[in-house]
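Same chain, two partners: chain A is paired with chain B first, then with chain C.
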Partner chain A sequence: MWVGFERRDLGAIAHYTGMLVASMALLMLIPLLTAFAAGEWGPALDYACGIGVAAAFGMLLAQSAPRGTHLTRRNALIVTALAWLAASLVAAVPLSLSGHYGGFVDAFFDAISGLTTSGLTLVQDLDHLALAHNMWRHLLHLIGGQGIVVAALSVSLGLRGGGAVSLYMAEGRDERILPNVMHTARFIWFVTAIYVTLGTVVLSVSNLIQGMEAGRSVLHAFWATVACYDTGGFGPQSQNAMYYHSPIFEGVTVILMLAGTLNFNLHADIWRGDRKEIFKNLEARALATNIAVLSVVIGIGLAATRLFSTPGEVVRKGLYHLISANSGTGHQTLYNAGWANGYGGLAFAAIVLAMAFGGMASSTAGGIKALRLGLIAKGVVLRVRESIAPTSAVVRSTYHHLLDVPLSVDVLANALMLFVLYLVTYISGGMIGAAYGYPIGEALFESVSATANVGLSTGITSPAMPLGLKVVYMLQMWAGRLEFIALFVLVASAIAALRAKRGRA
Partner chain B sequence: MELRFHNPYRGWLAGLLIEIAVFAAFIIVVVALALAAARIS
Partner chain C sequence: MRRYAAALLAVVVLGFVSLPVRGFAIEPVTETTGAELASMTSGLDGQLVRFEGEVISETLDGGQGHVWVNVLSEGVAIGVWMPAEMAGELEVFGRYSHTGDTVVVTGTLSEGCDLHGGDLDVHAERLELLTRGESRERPGDLWKLGVGLAGLTVAYAGWRRMRRLADGGQV
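Presenting the complex of A and B:
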């Protein structure tokens, strides 16, 4: 049933969206302090402006309803869809003022890419970007990876009460780890804090050994850790991970990518003492099988090109990109342009498939998700077993995901629906890219990378690409991160509101 | 930090080390697979 909006619905939506936007003003204090510490007075002014805009815009919206206003499930989905856009808009203000973007649209593109942990970028002259701006770009990964709602919940930013649970569920997370949603949000941050601290320490030491200056070592280590653990893909250098030329850096970041793509429920289970869950879990098995099969494909594909001098080099480059693609990170140790014409069709196909499949649900990764692929595979096996069993036999199937669960038609239908939605979006984006004149293969690569929030690129994503394609990729990154449903609810609610208005006229 | 349900802090360090060990073992397995594939081709 299509239900129109009442005034109190709009008030509640504006209030919660405003609170989430206002939280961006608080977060901008970090790059502001970075700018002060580094003596970057121009960027400091950029963040002072950003804080002013975010605080004013957020607080103005938040006045629309009193604190603790009840939020229905539908309204929570709308708030989530709008908040990701509104937060990206205010996040783009200081980036736009940096002078490193072709215009506000390019800065908005980077803000969406950062928050959705995609990693595609339109920044210009990245190697000379101020520390404050790099800090902000990577913080966007950190906040977006955990979820804007989770970030706000964990500091209890005016979200206690009626709206907290609805908002948490609306942010593409269908499972609560702990009974209390606040505790769940804090647990997610606890896991993140441990990994980020550990990654930063190890990579700082690695950078110091490589000869990097101390302060720079720590900053680069923190940014690389955040970008990999939150499966983002931004880097402070235009050469991305290739800049470091370090096997230690690559080994540590691969572990961080795998940790980032692990379902937070799995982290919780293992950290609570259930050591065997990671081996029994359908999603973990599906992801491991996926990476193992594609690692063979990329090994064969890259070796056949004869571009690399030894099989070891093939494996080092191939696996880094495969895990980067599968986890939705987008860090790279090869040049972009090679995917179009240098690394061969087989490696290209392996990377596109890895990006399309994605990591685990309830993690920072994007894509179709290993759980859904595992469920669909189970569904196919079930159908085959039904077909060969005697007519009188009742064939049932179960799967293990934290618990032993019967494979129901509802679960399968939901997995297949999202599989189809991702597939349609991947292909549509590819066709739009081709319509703009790009080769279809490269356009598909870029479309999958945007929708699955990966960030690997064949070189199409650049400040020079057409405005229409920038908008398409922004929509794909937004829709992919929210797993479509919140976006559809927003569109359906807008249509319902228009119909109700027309009915009254 | 209030995390009392099933005492999630109990053994978090062991859990973390197990995760890292599983990731490292998995990387070794896929490196071996990819290396075998690269040598064959």
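Presenting the complex of A and C:
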């Protein structure tokens, strides 16, 4: 049954969306301080403007209802869907003022890409972008990777009480690592802080040894760590990981990408000392199988091109890009154009599949997710066992994901539904790209990259691409990050509200 | 005597032509850009290329007495590996505050370099400094500060109103 909106529903939705938007103003203080520290006065003014716009927009929306207003599950889903858009809108303000974007739409594209941890970019002349703007682009990965709601909960921005739990669940996070969502949110940040600190220290030292200036060493290290751990993919230079010419950089970023794609519940188990869970867990096993099989495929594919003369080169390039694709990061040590022209069909297919499958649920990774693939595989095996068993036999299956759980029809149906939704979106985006005149293979690569929030590109994503395709990729990044349901609830609720309005008229 | 001299000359000429020494052989150089080099369709793998661009990185350690310099050419940056002394003339690298030195690189393109883990790179044989990099003027627009302050004023008024409502006061 479609339930229409009452005035108080709209008020609650606007209030919580406003509070989440206002939190972006607080977070913009970090690039503002970066600009001051670096003496970048122009960008400092960009952030002064951005802070004012975000704070005013957020607070005006928040007036719609009093603090602590109750938020139903449906409304929480709508807030989540809207918050990602509204936050991207205000996040784009300083970027668009930087002079490095073709217009507000391009800056909005990058803001959505940053928050959804996709990594596709329309920035121009990245190599001369201010440190403050690079700080903001990478912070968007951090905020989006942890989840806007988690970020807001962590700074306790007026989200205590009624709406907090609903919003937390609606954001697609199912971890209840600790009994209280506030504590869980803080635990997520705690784990992140450890990885980010370790990654930044190691990469800073590596950069310093390479010969980079001290300040740039630390900033580049922090950005690379955040981009990899939050499986984002932005880089401060147009060459991305190729800028550093460092095997150490590549090794550390691979570890960070793998850590970023790990389910937060598994992080919690490891933190508590239960390391066996990672070997028993269906999701971890599915991801390991996925990476192992596709590594062989990409290895054969790259070797067949004869571009690389030694197995070491094939492994180094193949594994880096496979883990980058599987984790949904999008960092690269090969040029974009090569995927279409140089690295062969088999390697291309392996990367598309790795992006499509994605990492683990309850992580910062995107895509279909290893848990769902594991469940579907278990479902197929169950079906085969049922078919060959005597008719009187009752065949059951269980899987281990934190606990031993029976494989139910509901769980399987949910996994299959999301599998189909991702597949339809991948193919639809590819067909739209083809309709704009791009080769279908490259269009499909780009569509999968956008929907699975990866960020690898064949070169289609550029400031010169048609406006319509920019909008399509923005929608795909948004839908993929929300795993569709919150988006569908938003659309269905809008339709229900319109029908109710017509009915009254 | 003339015969001996002619024979000697012929031997020297033949020697120059047949010796597989790079310094003596005249290898064709292809003028190109970073964008073409990274396209993987240039057909220049293993060939001597020359391209112009802006230095956008510090000289990064490249091992074996060499350094890496990243050169931005027509929107695409290429890693150039060269002896450390060759990069001695470089001073300014491109970033927000500066335009980097403009250089012309002559070197061999590797689309999958065996020495560097399969990277696409250029091993430089010659580096010419065309123009010295310089600082960039980046004037700020004060109207942005005005918009920011106006926004903060609105936000503060909204926040105070919410506080009053939460405390049970009148609007």
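The rule we apply is simple: the second predicted complex is superposed on the first by the 504 of 505 C-alpha atoms of A that agree within 3 Å, B and C clash if a C-alpha of one lies under 4 Å from a C-alpha of the other, contacts with A are read in each partner's own complex, and residues count from 1 in each chain.
Note that in this section a contact is a pair of C-beta atoms (placed from the backbone, for glycine too) under 8 Å apart; a residue touches a chain by one contact, two chains touch by 3 or more.
Since the model is a prediction, treat every value here as computed from it, not as a measurement.
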First (chain B), second (chain C), both or neither touched by A:333: second
Partner, of chain C and chain B, that touches more residues belonging to chain A: C
Chain B versus chain C as contact partner of A:41, first or second or both or neither: second
Touching partner for A:213 - first (chain B), second (chain C), both, neither: second
Chain B versus chain C as contact partner of A:130, first or second or both or neither: second
Contacts of A:482 with chain B and chain C, given as first, second, both or neither: neither
Touched partner set for A:314, first chain B, second chain C, both or neither: both
First (chain B), second (chain C), both or neither touched by A:273: first
Touching both chain B and chain C, residues of chain A: 312, 314
Partner chain C, residues of chain A touching it in the complex: 22, 25, 38, 40-42, 44-46, 48-60, 62-63, 66-68, 97, 127-131, 209-213, 216, 237-239, 242-247, 307-310, 312-314, 316-317, 333-335, 337-338, 341-343
Complex contacts: residues of chain C adjacent to chain A: 38-41, 56-62, 67-68, 70, 72, 75-77, 79, 81, 94-97, 99, 111-112, 114, 116-120, 136, 138-142, 144-145, 147-152, 154-155, 158-159, 161-162, 165-166
Of all residues in chain A, those that touch chain B in their complex: 178-180, 182-183, 186-187, 190, 194, 198, 251, 254-255, 258-259, 262, 267-268, 270-273, 275, 278, 288, 291-292, 295-300, 302-304, 311-312, 314-315, 318-319
In the complex with chain A, residue positions of chain B that touch it: 1-8, 10-12, 14-16, 18-20, 22-24, 26-27, 29-31, 33-41
